[in-house]
Each structure stands twice: as structure tokens, then as C-alpha cells.
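My questions all concern the structure below.
We just call them A, B, C and D in the order they show up, numbering each chain from 1.
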Amino acid sequence: MTGPEARLARLRGRSLPRSHNARTIAALASNPGCARRAILDAAGADKQRLAAYAGFPAPFGQSRFALARGNAFEAQVKAEGAAQLLTLLRTHLNLPIPEAHYDDLGEVGGNASLDLRHARTRTLLARAAASQDEAGTMFDHPLLRLEVGGRHAFLEPDLVAFRLHGRFHVIEIKSFAVIDGQADGDKVAAAAIQSAVYVLALRDALAEQHIPPEAVSHETILVCPENFSNRPVAVSLDVRKQLTVLRRQLSRMARIADLLDLLPPDLTFDLDPDRDGVPRRRPAELAAAIRQVEARYAPECLSTCEMCFFCRDEARGCTAALGRDAREELGGVEHVQTVLRLAGRIDRPAPGTDLAEAAALLRQAARLRAEALREAV
Amino acid sequence: MTSAAELAEQATATILGGLAGARRGLVVDSPPGAGKSTLVVRAAARLTDAGEPVMVVAQTNEQVDDLTDRLAAERPRLAIGRLAGIEYTPAQRVVRHQHVTLSTRLADLAGCPVVLSTAHKWATVRGAPAWPWAIVDEAYQMRSDLLLRVAGLFDRALFVGDPGQLDPFSAVQTERWAGLSWDPMQSAVAVLLRHNPDMPVYTLPVSWRLPASAAPVVSEAFYPFTGFRSATGPGERRVAFSTSPFGRNALDVTLETAASSGWALYELPARHTVRTDGEAVAACAALAARIVQRGAVTHSPERAVAGVPDAGTRIAVGTAHRDQAQAIRAVLRAGGLPGVTVDTANRLQGREFDIVVVLHPLSGRRDATAFHLEAGRLCVLTTRHRHACIVVARAGVPELLDAHPSTEPVHLNVPVKFPDGWAANQSLLAHLSQYKVRAA
Amino acid sequence: MSTLTSLARAMAAASGTAQPACTVRHVHLSPRPLVFIPLALAGEANAPLAALVGDDPGAPNLLVVPEPRDRDLRFAFAADLAAVVLRYTASYCADQEPTGGRDPGLRYADAPQLLVPNPGGIAFTRLLGRSTRFRRAEGPYAVAESVPVLGRWLTFFADRTESPASSLMLAATDALSAHWATGQSPAEDRNLAVLLGWIDPPPGMSGAQAAALAEDPLRSPPTGPATDPTFDNEVLDQRILAVRTARLTGGGRAYQRAEAALTDALATQLTPTWTLMWRAAELLRGLPEAAHVRRRWDADKDAFTWHAGHIREGGPPQPRRDGAVSAAGRLANTERVQEMVAAQRAFDDPLVMAEYRMTGEAFAGRVAAAEPDRVDATGRRRVLRPRVTVETGDAVLAEPGATLTSPARPSQKARVIAVTEANGRTRVLLELQGGMGRALTPEPGSVPAIGEPVCYAAFGDGYQPPPAFPASEDTPWTHGGPPPRYVPADEDAREDWS
Amino acid sequence: MTEHVESLERRIGGLRTAVREAVLAGDRERAAALRRDLRQAEQDWEDALTQAEAATPQEAPPVQAVRSGAAQPTVGPAPRPGSEAREPAPLLPLREHVHQALSLLTVPAAPRLIATVHEAFFAGTFATARLTSLKRDEERSFRSAPFARPYYICAALTADLLAPARGLLAISTWPMERRVIGSLSLRVDFLTAAIRVVEAIERLPGPVPATRRLLWRFAASIPGAAAAAAQLDPFAVRQAAAAELDVHQATDQHVRQAAAQRARAQLDDAQQLFGTRTQLAPQIDRRRGS
């Protein structure tokens, strides 16, 4: 291994690489400006572990009940050859009755090896796309592959449906409820961009067999519990926007190499584990290493990135930590202290210099605020 | 290949022909400067000729007056009613026509086979017999809930509008209605088509305003599904300068670039700035002023005499925010150029100039917001010109776009809006980058 | 958010204590609010787990669903909650007072007020309302009579939160962060414990320190409806399981023991928030009430009175989604109210007005010149049109012809005649109309005197009439035509809740 | 006694907090260790209390309950109250119950369906988890003494690779055609099962709510079977199922017969019952996507 690959491996150190998955790929769109996240993900570093070891464990965990609910719901709609799902598809894609095939790609001959499953997925999907007779309708947990920054990531959509004379549809099964036709906008957004990742991967897989991208519909299908029941309902998601964004962000993965060049050659996030895997590296030292890669912290990270508390601590005293709007309204001044010095006329930048306009803005704000408070008492 | 004029004429003929057989009516998408008003006037004339009374609905008094004036000119013998609110001050171009009756009460206009007014005024009309026909202008800027208030007044309607421009806007939370086919935040056309999917939609294929240099770019960025072409061919619209510069400073290079290619990107050094970026403001004003100083003369085949932008009345500066517009206006006033129009995208909608200077909504920003990314905003700003468009921006806008997190919530059963502002910005910038001039 | 509040945030971040964002309280605060703290089971649409509810700080009612996935127990919970909520709302359906306005009638003299910790609490309330209001007391899947009524009240409260003028239901975090600026982001302000840490730190601690401590879910459990995952995984799971098993193996003492253990566990998660909620109410009460709050609360009383009557007279429950007409009407109304409230807040609160002075939509200064007795004789009849010149250091957006209003004289309109700038200061010449009495000489004090500090804004707090919409049965073809009338269907009542 | 209980309770409380601290700090090892202590403490506490309550014999000691629960959290719907759920009578071993259910269905089925069918028709629930181990026991028993038993609970085989199909149980005495699974077979078997359930219901003396719930599960996924749970008519369900069955049966039969022939020709006795496994070079561990 040489080049970026080797470099990333060195950064990751001795821990197992966490390969990209739909969620991490989707995350490319959630804060694409953040070099730290880009590098850590590209290196396949375990952000959760690093953050915790550096003393800033991520604030979010997964509740057992949520997991249970998720698994139970997927199991339910897929039970008996995905009987419930089939019913939905029949109405939703007006799937003809004979189209009731179900292929389990979750394992191959009792073997769950990824390469084996991937190979089989490709064969079955290609056959379905090529042949005119019934050659598969529902493919349960197909295993796809997508190239992300030069590395292959294995991706596992919940289900891919194929309609005769029609196209492939990515199906995403989520356990959040659709109530009176609406669902949590953020959860849907997450589902949509994940589905888009699968659409890309599926199109890649078929492209290898010279099947045009149109064979995979940009209308993906979201299956959720309806209202307060366990009854599944299907909704179409048009993921064209998400596809544009993803394509763009994936194409920018190449810049990882440039980002790497900016880092000290000996930089690593290795935890220096001893024989029993107990880390020996000094947390402060790891933290210092992480700080070498620039972050772009915004409060939005608090719900999306495992590193958020680390970065927030680093951003303390920066206007960015107060939120994007606040920073904007403070004239884009970087540091809280500077803001106050400008507002309090302690710093008086010369006209025409960078901070002059911000200074004027802040001075006026300070003046008005003081006046108003005086008036109030 | 058929000429632009023929293309346009065919389209108009089809549309006017379609009026007769229309069950509920029809929708006409019109790209910038594609003769929307002409169509409205001709349709009104055609219907009244056929003895069908028509109510014409526009969004602002300005627009209503324009249409009234043009219709009055087109049909000198037609009794035209201009319905107006109490606070309305009659426009000269309306009152000069003797056959136009002006009143605040519809009853006074009983004799008029055609009555024009703003949507808001129409919404106050009660208990009048239904009009067989309505013509709704700027229908994409009209909000669904306003249409709801006037739709009871007519049986059939011709909806005309520009789908690429700014969407209706509200300052309040509207998730509550997300996904409803009658979501009041949609445009009038959107709600109409969701309930009448079989209603025919036509497109005007030719922009009379935009030059050949702009049509393809704009069409690709903002009208990806319904393309259009320009009436004039390459090079037919020219800008010349009656004086030549002394040195070659960046301003003049920018002007030359714009004159020769129809586009220019005047790029200021990268810097995050406050919303009203002094340098950018100065640059916009300077460019506008320079155009006037250099005595820009615009030639276009369809105009006999070359348009001379006297004191810059044919020049406009467009911004995203009011305070930006105000700052630029102040500088130009101080510089003795009150003639140059300076306004925000919202206010420039539907207006036309020879040369337009645009302060890019994303210039100098750290973060893009939905407001600054909105495709409609950029579309309005970059489609007001007949000859050339000069965009002023700080370097770093592409990076800003790439760093923009796309995490807006997604609502179910809401048709995806195209073009996406993010994508549209990318594509327009890609084009502009070829005409980049760095500020000295 | 505005530059001023952001500056306040910056100051808070630097000083470590929250800064005032308002000088007066812009929400009504009931002397006896009903505090409602719901907890939901993770991963479910709307599975109540427990709630702490009550109008007496000393006597909270703890309601628990020992088996959150059990439909029957959920409805039992709803019935328990109904008992508390309906008793509370009923207590306001006694004394009446005459309504002001054009059509005088009677309304209840006061209205109930629901306090939840955060916006999540409002969302939960809305869903609980949705999942119960269509139920029926008879027929298949019958529920207690009180359950559908509860559903309609909860829906009513949740809907009112969409009106910027209403205080019938408040989320503590929203109310607090509207009045105090912390040194953190608005996103982080949504954690009540943290927010209160900033605003009201324990003695000997800075707000920042208190907030940091409050982020530890073990020290201060999440204020709901979501629970802390480690609590779910390490405590709740076993406790619920114990209850379930005890039930299968025939209940008895083991069941009681298990249920008690579960209740204790949930209490540990709820009681800290209970204290926070009453502290929040206290802090808000500490602020002087803004002038317009009472008027807005009267509107809330009208709404409450109307809804109580609607239920009493057996009106239908709120529909699942708004129809075309009601949606448009609601939007128009919300927009109107929002504008009105914004203006009222500015007129009531110099700190809010300062935000408009920042943007140039308002300016304050002193009267530099005045012609109080100026009479305009150009028209048919002579009219009193005093002119004043205001000098200000603020930015002025207003252009000649614009009409302005002053908080000091809201009934008086001021038309801008001229705006001139001289060495950094702006002089605005205004012509005044109205609010000066009938005579051709102004009543004393009705025209600002020279030297008087004045403030003029481009907006007034006047009342705009609501736009007219067609009746729902006249919905035009453009909007799908008249909707079908609502008839309660068995399906509604039957809808699973699992 | 009581102070012993109280000290235990204090210890439990302390341990719980400690565990959550460890989890929050991302220290998985410590969390695991603390959890072990916690479970022990909880059990001591339960024991202490049950001793205290030894006077009440009718009550099954909840100790088991908590321990088994702690071992693996249950996934899926909780038993409804009032459904007089009880472990199957000890006189019949589990395999007999499975045999009963499968014989009713006459097609390979997944543990959950088997359990539901059994609960509906033969009253008595069992944890589906126990069924997975059952297949292993059966295979062991067969390999040690082939055909010693009249029947074995065995696997269904995938038509293509003749490997055990994920999560399906079958009966060894069934013809191979019935035990191989092509891409249409799950649908065909689902419809067949529906018909069998209808027949079983018709054999019942009177209506049993549990069986109707089961039937609805099928009907809801068969076109034209029933509009709503309310108007559920067994006869209509049978008609609908049969109708769709006609569409698939031929195609499915074709695949199954071919596969069955291959199986009989290629596989030894044990493999015919429990399938073959595709052997592979050991893969380096890669975490799964999605």
C-alpha cells in the first residue's frame, strides 16, 4: 500500500477499519466542509472510541427499545416471504400477481461472507434486469458495493424490488411512524439520503453489466408503520436532489489526498494498545493529534457526529459555538472576545480593514442595547 | 429551422386556440421576457371579441396598469374597467385612455366586458355573478390561499406565469400543511395542477428579452425541463461604448467582457464580510457608474434606434437584501446617478433593463441559507437584462456551496421543487467562471 | 435572533451568566398552571411511558404505564391523565366576565395554562391528542368516556401553540430562551436543565459551570419526552421485563414489587424536571409583565371559552388535517397575529425595539424642532397637521411618504416629509395626524415637545381585519372542491395503538 | 433481613449508576464487568425477598424471570394481558408441539409462525428462541442414531444450493419437494398455509378469537381475501388464497421438483434433512454496511 491508502492506514493505527456504510456516506452531505470528519471517516477510524478516549464521549446512545422496535418491524413486514411488503408493492407499484418471487441474499448457502453475498447479488440482479420472464421480484438484503474515496464500501439496502418490464426500486424500511400522511422531517431526510446512497450503489452494480442507470428508479419506497399501529404503509420518495448532492460530495472525496498532504507525516490516531488491547496512549496526546486536523464545528454537529463534544470544547470561545446565525449576526467575527472588544470600543480597527465593518455593526448594537437597558430601569 | 418569431407565433396560436376547447382552463409557463403580457393582452382581446366577459387578475397595481394600458392600446373601442382599491393613485398611462373606466366598485364597471384588478382587490368582491373567464397573470408568484379567495369568481381561467422566479413566501411556520394538496403556501399554479392534473400546460418557447448569450445558460440552470431559446441570434445584441478608457483597470475590463460575451464576473478578493459588504457595494455602484460614464450604447436588431442608457435609466443593480440595495442607492445618489434602478430580487421581478449588475447573494458569506440559495432569487437577478449581466461576488462562493450541508427536513407527498437552488447556483457559477475578472 | 440577542449571547458566553434578552415578560403566566412532563417509550410513535402532572408544586401526580406496549394500559393511562387535565380545565369553567369588543358577550374570567418542558413536550401532547380524540366510549374498542374529551383538549392546547399570541400552552425552554440569552447555541437551549443552569445557577457556581454539570444525564435526567438511552438499557428494560414476567406468572406480590420498582425508576427520571419546571415558572413570574400581554390573554380566554362550548354542545373533534379553507384561514390569521405581536413586543420593550432600530425599521432620538399648531389649509377644510423634526443617530430606512407610529402615541400617525443627513446624524421631518383632539390646536402633550426623547417605527400595533375566505362548502374547483362532511367512522375509533 | 435487603438495594442503585457512567464514558469493558456485578446483586436481592416471602408458594419465583430476561431482552410483541398464556404442559416435549403446528400448516414455516399457530390452536406459548436450538438438537440426535425417531424437525433447503434456508423448520417425513424452497415457494407455502388454517378453523367446534387473529394475519396479505378484520370470512379467504395459488403453483412445482431430484441424487441422508453449507476460505472480518 502506498499513497493516500497507506497514509490513511497510518492515521487509523492498529484499530480495525470501520468501512463506510450508508449512514456515514449520507453524512458526507451533513457537514461536507469539515476536514476532520472527512479524514476520520476516510481513514475508517472509530470516532466514537476516539472521542471517548480523548475524554469527550458522544452524547447520544441507541436505546434498546428503539432497536427492538426497528428489528421487530422489519421482521414483521418481511415475514413469510415478505407477505406484508408484497401486498404494499402490489398496490404501490401495481405489481402484477405473478410477481411474487422472494430471494434471500442475507446469506449464501448458510454462509454470510460479504464477497460471496456481493457476487450473488450481482448475478441475481443482472439476471432480473436481463431476462423478461419472472426472474425475481423482491431481493432481501442484497449486498452492494460503492467506491468511496478509492475504497469499496459494502452497502445493504433493506430490500430491492424489481418490477417486470419496469425498474429496480430501492426499499427502505424504517420504524418511525407516518401519521396522517406525514412523518418527522429529519428522519425522512435521513432515510431519503440513505436510499439515494443505495440507488447510486445499485446503479454502479448494474453499470458493470452495462445496464443503464435508468434501470434504477429515483423514486425509492419508504415503508413505515402507519399512524399508531404496526400496519406498514408505503410512501414514494423522489431522491433526485439527494443524488445530485451525493454525486458531488463523492466526487470531492478525491480532495482527501490534498487534505492529507497538509498533515504532519507522522500523525496517527493510534491508541497504542498493549498485548491485551488496552490502550496506552496519553489521552491528551491523542487529543492533540486530532486537533491537527481542522474541524468545522456547528451546533448541528451535536446530533450527527460522534466527535461533537470534542469539537465543541475546542470551539469554546468562538462565535461558531453560538450557532451559524449568531456568528453571522455578529459580523462573522471569529472569537467572542474579539466581538466584545470591538463592541466595547477597546479595539478600533482602521476603516477599510477587515474588521472595520463588523466593528461598526457591533458598536451600534452595543450602544442600542445599553440604551435600551438604561431606559428599562 | 423555423425562426424564433415563427416558433413564438405558433405557440401563441396553439394557446389561444386552446382557450375555446378548455374545460377548466389552461396554464402557460413563460420563461423570462417571453411575451407573457403580450399573451395576456391577446387572450383578453380574443375572448372579448368572442363575446366572453373576462376578469384579469394581476399581483400588483403596477402590473395591472401595464396590462390595462396595453390592452387599451390593442382594442381602442373596447370598454375596459380598471377596478382599484381606495388607496390607489391612478396612473397616467391608464387614465389617458378615454375607454378605460376606473372605479373602486365593481358595480360601476357593469358595462365593461373586461375588468382588470389586483388579486387582493378581486378577493374583496362579493356576490357578483361568476365570470366565464379569468386571466391570472404572474400566477407562480400568487399564493394558493389568495387564489382560493378569488377562484369563486370565475368558471375557467388562463394562468400565466414564470415558474423560475421567486416562490411565495411566509414568515410563519407552515409544516402543518406539508403534503396537503391544498397547502396554502404553494403557488396558485401548483395547487391548481394538483387538483386538476389533466389541465393542459403550455410553454412559451422564445425569450424576447434575454440575449443569445444568456438564453441557453439560464434555460439549463433554471428551466431544466422546459427549455427555451432567445429571439435574437448570437452577436445581434451589442453593447458599444462611446468613450474609450484611459488605462485598462478591472472595471473597464469587466465592461468589455460583458459587452463582448453578455456576462462578466467581477471577483473581489475572498473575505467573509458583514451582510452589507462595503467593498462589494462600492464595486456595484462603480460598475453601474462606469457603464454610464463610458456612454454605453446598446444595439438590438428589433429596435430601430440604438438605446442610449441616458443617466442609466436602462441600467439596474440587483441585490438579495434591502439594506444592500439601500447602501448602493446611497452611493449612486451621491455620485449623481439617481436614474439607476437599485432594488432587491423581489422588487425587480417582472422588470427589464439593458444591462444589470448583480450583487451575488452568496458573496462574502460563511454559510448559505435557504434564502440565499433559492433558485428563484438568482434566476430573477440574472434574467432582467437584454444585453449583459455583470455579477459581483467575492471569491470562494464555489467552496461555500460545496461546504453547504444539505440536511433540510423532507416532507412526505410534497412534489420536489426543481431546479434545486444549490444545483442551479453550481451550474450558473460554472458558466460565469469563464468570464471572471479579478478586482484590481 | 438578531444582532442584539447574538451580542447578548456573546456577552453571556464571556461572562458565564445568561444575559437579559427582554426587559419585560411577553407571555402570560398563570398563577396556577398545569405542569405536564410526559415520557415516551423510545422507538414508538407515541407510546406513553409515564408522566408527572399537576397544578400544585407540592402534589405531583405520577402516572405510569407498567407495560408500555400494551394498548389497554395505554388507554388506562389516558384515562388517568384525563382525570387530572379535565378536572383542571373544568375548574376554569365557572366565573365569567363580559368580553370587550364589538359584539359583547360573556367569557370565562380566566383560562387554563399548560406548561411542558420543551417543544418535544408540545409535539407529544399533539400526538397524544391525535391518538385519543377519535376514540369512542361505546362500540368496538370502547374506551373511558373521558379519553376522547382529553384528546380534544390536548389537540386544542397544541394547536394554540402555533399562534404567536397565545400563552395557553408554553414550552418552558421556549419561554425562558425568549427572555434570556445564554452563552450557548439555541439548539443547546432546548435542554431545560442546561438552560436553567445558565439562567439560575446554584450559589457559588457560574451559569456556564452549572450548565456543563446539567448536561450529565445521570445528574439531571433528560426532560423528556425522550428518555436517556443508558437509562433505557440499564434500568428500564429489566424493570419492564420484570413486570411482564410477573404478570405472566400470575401477578401477585411479585407483580406489585416489580411495578413498584418500575415506578420508582421512572420517578427518579421525572422528579428533577418537576422542580425545574416550577423554578422556570417562578423566574418568568419574576419579570414585569409587558403591557400588551393582558390583551393577548383575553383572546386566549375567548378561545378557551369557545372550545369549552364547542365540546359541551357536542361539536365534532378537530379533523386529522386542515381542509383547504381552514388551512388558508389559519395561515392568514397566524401571519396577521405574528405581525401584530412583533409590533406589540417592540412597543412594550425598548430592548426589542432596539432590534428594529438596528435594522433601521425604527429610530429613536430627540425632537429638535416642532410646529405644534401648524394647520394645513390646502384642502377643502383646514386641518391640524403639526410638524416635528426628530434628530437621531440611528440608521433610518424610512423614505418620504412613509407612515410611522410612536409607542408613546400609538393612535397618532406620522408621515415622513423629509430625511436629511448631516455629520453622521439624521434629521427626520414628520407631519402628525390624529390623537390630538378635535380642535385646531393640539391637546396638551399630544404633540412631542422640543427636547422630548421619541421613537418612531415603520409599523403600528393597530388591528387589521382578517381576510375573507369562502365557506368550506364553497371550496372552489381549483382547491379540490367542497370537502366531504366529517362523519365519525368506526375505523377512527378502532385505529390500532400498538 | 430487611437491612440486608436495604444494603443490597443501595448497592444495586450504586452499580446501576456506575454502569451508566461507564457506558456514557464509552468504556465498554468496565460497563460489562459492572453489569455482571449488578446482575449478581439483583439476584441476591430477589433471593432475599423470595426467602422473605417463602410463605406464598403459588407464585413462581420471579428469580428465573429476571435472570432469563437479563440474559436476552425479548424482541417483538409482548404477550397480551388476559391471554391466558402458559408454558406447554410438560408431558409433551417441545418437538411434539412444533410437529403439531407444522402438521397443521403442511409447509415449512418460521419459528414465529409456528409459535402463533400453536398458541391459536393448541393453547400454549413457547419462546421462539427455543426453536432455533431445537433444530440443532434434532440434527445431533439424527447423526448419532439415524432414523431412530419416527420423525425429525429438520431444515428446509434452498433450491439453488441445497443449503438450509434461513429460519425455516420442516418435518423429515415430508417429501423433498415440499422441503426445498425456490424463489416462489415462500409465497406458495404462505397461501397453502392460509388454506390449511381455514380448514383447521372450520374443524373447530366454535369461534376462537386467537385463531381469527391468526387468520387475519394471512388474509391481510392476500388480494381479495378480506377488506377489514371486521368482515373476515374463512371461506372468502380460502377462495382468494386458492385463486392466487393457481397463478404460482405450476412455476413453483417445476423448480421444486428439479431441486428435489438434485437433492436426492447428490446429498447423503443427513444432508437431505439438514442441508449442506457452502464452505469458503475464512474471510477477514469486515463490518457490515447499512
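Following the convention adopted for this analysis, a residue touches a chain if its C-beta (ideal position, glycine included) is under 8 Å from a C-beta of that chain, and two chains touch if they have at least 3 such contacts.
For clarity, every value in this text was computed on a predicted model and none was experimentally measured.
Peer 1: Going only through chains that touch each other, how many steps at minimum separate subunit B from subunit C?
Peer 2: Step count on the best path from subunit B to subunit C: 1.
Peer 1: Farthest from subunit D by Cα centre, which chain is it? Let me know.
Peer 2: Chain B.
Peer 1: Could you tell me which chain's Cα centre is nearest to the average position of every protein Cα atom shown?
Peer 2: The chain sitting closest to the overall C-alpha centre is A.
Peer 1: When the centre of a chain is set as the mean of its C-alpha atoms, what distance in Å lies between subunit C and subunit D?
Peer 2: One centre to the other, that is 50 Å.
Peer 1: Would you kindly tell me how far, in whole Å, the mean C-alpha position of subunit B lies from that of subunit A?
Peer 2: Each chain's C-alpha centroid was found; their separation is 38 Å.
Peer 1: Which whole number of Å gives the spacing of the CA centres of subunit A and subunit D?
Peer 2: 34
Peer 1: Just the number, please: Cα centre separation of subunit B and subunit D in whole Å.
Peer 2: So the centre of subunit B lies 65 Å away from the centre of subunit D.
Peer 1: Do you know which subunit A residues sit against two or more other chains?
Peer 2: Where subunit A meets two or more other chains at a single residue, that happens at 61, 64, 68, 181, 300, 327, 331, 361.
Peer 1: Quick check: what residues of subunit C touch more than one other chain, meaning two or more?
Peer 2: 228, 230, 233, 237, 321, 498
Peer 1: Give every touching pair of chains, nothing left out.
Peer 2: A-B, A-C, A-D, B-C, C-D
Peer 1: Mind pulling up the subunit A residues that touch subunit C in the complex?
Peer 2: Residues 59-70, 175-177, 179-181, 225, 227-231, 299-300, 302-303, 317, 319, 321-323, 325-327, 329-331, 336-337, 339-340, 343, 361-362, 364-366, 368-369, 371-373, 375-376 of subunit A touch subunit C in their complex.
Peer 1: List the residues on subunit D that touch subunit C in their complex, please.
Peer 2: 16-17, 19-21, 23-24, 35, 42, 49, 53, 56, 58-60, 62, 65-66, 68-70, 73-74, 77-81, 85, 228, 230
Peer 1: Quick check on the complex: what are the subunit A residues that touch subunit B?
Peer 2: Residues 29-33, 178, 181-186, 188-189, 192-193, 222, 235, 237-238, 240-242, 244-245, 248, 252, 296, 298, 300, 304, 324, 327-328, 331-332, 354, 356-358, 361 of subunit A touch subunit B in their complex.
Peer 1: Considering only the defined contacts, which subunit C positions touch subunit A in the complex?
Peer 2: The touching residues are 1-11, 13-14, 20, 23-24, 41-46, 127, 130-131, 183-188, 215, 227-230, 232-233, 236-237, 320-321, 349-351, 353-354, 357-358, 364, 394-395, 495-498.
Peer 1: Which of the residues in subunit A come into contact with subunit D in the complex?
Peer 2: By the definition above, subunit A touches subunit D via 16, 18-23, 48-49, 51-53, 57-58, 61, 64, 68, 71-72, 75, 79-81, 83-84, 86-87, 90, 97-98, 100-104, 106-111, 113-116, 134, 136-137, 143, 153-158, 194.
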